[in-house]
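Shared between the two complexes below is subunit A, which has subunit B as its partner in the first and subunit C in the second.
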Partner chain A sequence: MSEQTPAAPPATPPADEHRRIEAAAAAEGETQSGFVRFMSSPVGRNLGLIIALLVLCAVGAITAGDRFVDTDNMVTILRFASIIGVVSIGMTFVIIGGGIDLSVGAIVALSSVWATTLATQTMAEDTHWLLMVFVACAVGVGCGLINGVLVAYGRMAPFIATLAMFAAARGLAEIISEQRTQLVDVRELVDTINGELLGISVLIWIFAVVSAIGWVLLNRTTFGRRTIAVGGNATAARLAGIAVKRHTVLLYVVLGLACGIAGIMLTARTGTGSGTHGQLYELDAIAAVVIGGTLLTGGRGTIVGTVFGVLIFQTLTNVFTLNNLDSSTQAVAKGAIIVVAVLLQQRVAVRSSDST
Partner chain B sequence: MSVRTNRPYRRLLTSTVAVFAAGAFVVGCTSNEPEEEDQPAAEETGGDGGGSGNDEPGETVVIGFSGPEADHGWLAAVNDSAIAEAESYDDIELRTAEGTNDANLQISQIETFINEGVDAIVLLPTDGAQLTEVAIRAMEAGIPVINVDREFSSPFAARATILGDNHGMGISAGTYACQLIEDNDIQDPVIAEIAGIDSLPLTQDRSRGFAEALEACGQTVDNRVAAEFTVESGEEQAANLLQAAPEIDIIWNHDDDQGVGVKQAFDNAGRDEFFFIGGAGSANAMQWIQDGEMEATILYPPTQAADGIRLARLIAQNKGMSDLVQVEVPRRIVLNAPVVNIDNVEDYLHLGFES
Partner chain C sequence: MSDPLLQMTGIVKVFPGVRALDGVDLEVRAGEVHCLLGQNGAGKSTLIKVLAGAHQPDEGEIRWQGEEIRLTTPLAAMKHGIATIYQELDLVDGLSVAENIYLGHELSTAGFAHRGDTQKQAAALLARLGHPEISPRREVGTLSAAGQQIVSMARALSHDVKLIVMDEPSAVLDQEEVARLFKVIRDLTADGVAVVYISHRLEEIRQIGDRVTVLKDGRTVATGLPARDTPTRELTRRMTGRDIEYVFPQRQSRDGDGAVVLAVRDLSSGKAFSGVDFDVRAGEIVGLAGLVGSGRSEILETIYGARRATTGTVTVDGKTLRNGHVRAAVGAGVGLCPEERKSQGLLLDEAIYRNVSIASMSRFARGGFLNRGGEKRAATEHIKALDVRPADVDRAVRTLSGGNQQKVVLARWLLRDCRVLLLDEPTRGVDVGARSEIYALVRRLADEGVAVVLVSSEVPEVLGLADRVLVLRDGVVVHTGPADDIDEHRVLDLVMEGSAA
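Entry: the complex of A and B
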């Protein structure tokens, strides 16, 4: 949003300045003392989320007893959380980078449909089921690329560019599938991804691996530091020599890839590809990211927070299901959680910025 | 400095509490329940015909019920009648996980039922094919699944299937339209169709049946629009249709929920030169038929899931259906789609649901 400064492009700054700004962006919030420092530390920042999750689990254990505290039930929660979780990890990058993506659900639908067309499935049967995974990921990356280019080089507001993709991708999914639900005939795909590996559901493995990669990418690589720098202050990042536009495109591509992975996960879980898949995932993902402590304005956020955000919502759903409560009550509870979480974070944010 | 006065927060807190307190009063006014509610007709129409004592309390069974989000009257009636049916039996313990259009969530609900080891599952899937995998898993875990209304894509996914007849609805509507044309001796009739969500197989089936029946008497659909089962979309699409066709003889509207909007559009435009046929059979539609404002509606019973609950109970208790000779519950039951008009509307009033 702050990148329409048409000032003359700077000469490439010296490398050390570059490093200094990135370090400064990363080190923000580490110079306070006492309570504030604790609250800004990884544990402190996620403390509210951990407490919220524990409270939810306590409520679940009290109200549903053994039916909640049960390995099978935990697995059910995690399997359910895995798909929206993968999307949310990708969304975390885009939002930290100062953007937003409303098209994730539509991309999930399109990639599931594209990966299950008769042509793709026939080809996959002739070669290998991984081809379907590749197609889904490629479709996701393609959509992300379009989003990114429209935002970075087309100078469209992310909200608008991805709104266009939101409409177009689902429409295209319906055209390709002729508005029908496409069954997966390649059983290996369903049996593998919807099956188990080392006693744990493969869907959960994928969520875990994507989260781990996301954490490393954000916290241990230049890519992650640049993401924080771009989202925190695009102009400063540009002056520091970061190719802001190219980086923005990459962020949307990362999210697109995540959507492609989620698309093939959903395809395996349901055994179908459909234009109706992934409805309202954009809202679920954004909500999970925001209650996970990522600022919607960009520049700050954590993968761990997002994972907690996802888990909180899906555990809530599970507790409600176990207690026979209806979805309308659940929607009200979700709304309340979002408000409380954001209000709490604002207090922490105000405190830390006051004391600098 | 990090020392801040907490006043603003406290004031915010006070006003928040005040707002919530005020809210609490308002919440008391959100009730839409009529003071006295008639019990659904479950008891009166009870299946005690065979005299086999099927309704006698048996061993208590736990039934899990999951349906899509009740975003229109018909689906709300499906959920409500299923829950009411379960409550009318002392030997049913019902677990409901209603209310989602997200296949991923509904799958996890069914997984929860499997974990809990319920005795039977009644499942109205958000999409039949998308829930097939998990239904098969439930069956493999030894839990009989009763598939309601939207069919699975594999015969291994359900112990029993109970379906409304969407294709039959179209046939009934088309045949009735042909009858009207003949009885009223309409030359070159203009026939219009207001469909539901076009991407759903049920809509495609209804339209196919309608076209087939019309073909039998040498007619075709002249104007067709598709709404989305909501009042708003019904009004919008019907208004478009009226614009497109200045003179219409027969209109079949697939769904009485969107029919509220459709009717509104007719009234707004002051058009009533056509025979108006509805679908599903809402209380509104039956009222209109009694008032002479609607010709007929084609029934699509919202009590399917209630029947699903009964079947689940019988299957879990190893009973058969008392009116059949067979020892076991049949695998597949397709409901009839009768035409309800002024002549027989009295008989169906108890099935009418609120939009």
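Entry: the complex of A and C
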């Protein structure tokens, strides 16, 4: 067509013209996205995370030697990772669904305080530890429900609605606990959840089970599919007949439940309930999710990535601690990691949208 | 007069799957009002985006005052003195009039704005535009649409502008405001500024225009026509006279034998449209024709529950749908292929099969767990039946051409066995060859008993494909009848002449 002079009468295009155009478009998609496709495939996206984790481990092994390469140390990393890990799995759903939740740390604190208050006030001996677990989860679900309803039906920006919960839940936790750290008298709770099962810490088991459930939920169920649809294109999801608002509420409820579980885990590990529990969890969880390759704009993300994000953060902390670097230095390194991860992510996102 | 101010020759712009511009010529002289005419999809918007530096042409030459230039960015266009006033005004609501006018080139020293000077000069520009009553201090968000348009023009004039492109400026204005706009345009041209004026309203073009260029299917089909003396019939013939004949499928002669599937009664929604009544029988295609803003798309949205009806009812198979409830419509067997396929219809980064099954997920789920094998098999079946190329259901929808993307949306509703299919601009962004395929598909669906409502800005498409046509003007149905009994010119007369304010 290019040799045709503009002034000449336009010819009827050959019958197979559209086939040619489509073939060209298809070929374009093929060649252009070879790299992008690899980088956005599960292996490609997690490859960077695996490398990052291995590099961190190498650094740990070199700088801290046997103190790092030690079964006990590895278990410590995983135990510390487990609680923030559970929160991060829940956060992954909310972020893929196009939202954000700043209140997770406060919900963790509130559920820990509520559960321990229940135990102290109803006389320790009588409180079954499962009741405490139930209460913590119920508190988490309740907070998540409020967040979800405010966002979906109150049409508040997720940032603002959960910022309100961030302030209110922690405040409430401090009121209930009268700003004191409450000791847990229910031994079974501590023994069970902070104990071991088959030689592995129960905390790690919980993280593993929650991650597995999260993976199945995201990849194998209608719930997961709808989450991706709602976060990827809420208008298209609505016009395809998906109940976008109801689903949004459910996402925050799922995260609230994860916070409740994390709350009881933290209570068992520390043996206390406190209004100061879970501080900065929101930032750690969001960072882990983002490092794991989930788009903050929603519509794309993986559970495996989030697990890696959590492990990278926790390993980093461990390596720094073993090298006697203080928490301020760690914070700087964490900040740098977030920036690098997001910059890499944006490059992939830009490349894959070029083919439009 | 030696060189024209602007000379564009042989401009070509290709988007994946469609040649939006396929050899456009445009010549604009200093001090004239040059009108750009063409149906939707003719390439007007793409052309002005090229002129504004927002799109880069793939081929062709742009000469500005005799010298060849390249408009690589909107800023470059601005520096040459080309300003564009878009339909959606690009103003910052929260800033004052003066701040908006000088946005991006603030009068300042070391970062400190000269508020006094800015306001004084803004006031001078507004006065030059004949609107001294607009206060430079006023917040832009509080102005009417007409007022905001004036601010946009003042912003253009705040640069040393030689050419202003106006994209349907009258669409948001009432009669009196249009008259004032014309006075402003005359003052500008008297100062030697050229105006490229885009409008669907022929009356306006006769009042304000000097010369007319007509675009059709991405090509210039006529240029330099005198705006006042060219007969309407000549203009509409140029706009519509097609070199490419689309192949429309045969209609079955089945008048009145299907049962009424969709019944719309006295439907209104706010100011968008009112008192719309029609029935669609099984196997029938009803087309809605009208200009942008005539209420076409809004009618579909209201039937679908994506917009609330203020009066009236929608009934599918005898059951009245809940007002403003998309899931009720989907549940009753209504499917919508939305106007903005990419932003309203598809999850672009997701695989084809996921886009197909999204409306029928429960069919493939047991206890919430998806049977992906069954899902992919069903999607593959429909994708093959619709001849989507490539027929690879794991492929991201983003990599498909426009026509194939549209087929993916159609497949979604086929999978659901829908009773009523609402098609909003089904061939927008679809290249010429694939259109005939989409037409054949829609007809085949109708033959299988689906009731189809078709909205399109392309009148031949409505007339060629539909059995019955409703013509809309300003939210009211002005004509109903069999598609065979009306021709394109009559439709254009109905929608255009009456709308000249």
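Note that the second predicted complex is superposed on the first by the 312 of 356 C-alpha atoms of A that agree within 3 Å, B and C clash if a C-alpha of one lies under 4 Å from a C-alpha of the other, contacts with A are read in each partner's own complex, and residues count from 1 in each chain.
Note that contacts are C-beta pairs under 8 Å (C-beta built on N, C-alpha and C of every residue); 3 or more make two chains touch, one makes a residue touch a chain.
What you are looking at is a predicted structure, and each value in this text was computed from that prediction instead of being measured.
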Which of subunit B and subunit C A:H247 touches, first, second, both or neither: neither
Subunit B versus subunit C as contact partner of A:T317, first or second or both or neither: first
Subunit B versus subunit C as contact partner of A:K334, first or second or both or neither: neither
Touched partner set for A:A237, first subunit B, second subunit C, both or neither: second
First, second, both or neither for A:G275, with subunit B first and subunit C second: first
First (subunit B), second (subunit C), both or neither touched by A:G299: second
Partner chain in contact with A:T222 - subunit B first, subunit C second, else both or neither: second
Contact residues common to both interfaces of subunit A (with subunit B and with subunit C): 355
Complex contacts: residues of subunit A adjacent to subunit C: 1-2, 4-7, 9-13, 15-19, 21-23, 25-26, 28-30, 33, 220-223, 225-226, 228-229, 232-233, 235-243, 299-300, 352-353, 355-356
In the complex, subunit C residues that touch subunit A: 9-10, 12, 16-19, 22-25, 59-60, 217, 219-220, 243-245, 304, 306, 326-327, 329-331, 336, 338, 342-350, 354, 358-359, 361-362, 365, 368-370, 372, 389-390, 395, 398-401, 403-404, 412, 431-434
Subunit B residues touching subunit A - in the complex, by the definition given at the top: 1-2, 4, 9, 69, 94-105, 107-109, 111-112, 114-116, 127-133, 153, 198-199, 201
Subunit A residues touching subunit B - in the complex, by the definition given at the top: 36, 67, 70, 72-73, 76-77, 79-80, 83-84, 174, 179-181, 183, 190, 194, 266, 269-272, 274-277, 279-280, 314, 317-318, 321-322, 324, 326-328, 347, 351, 354-355
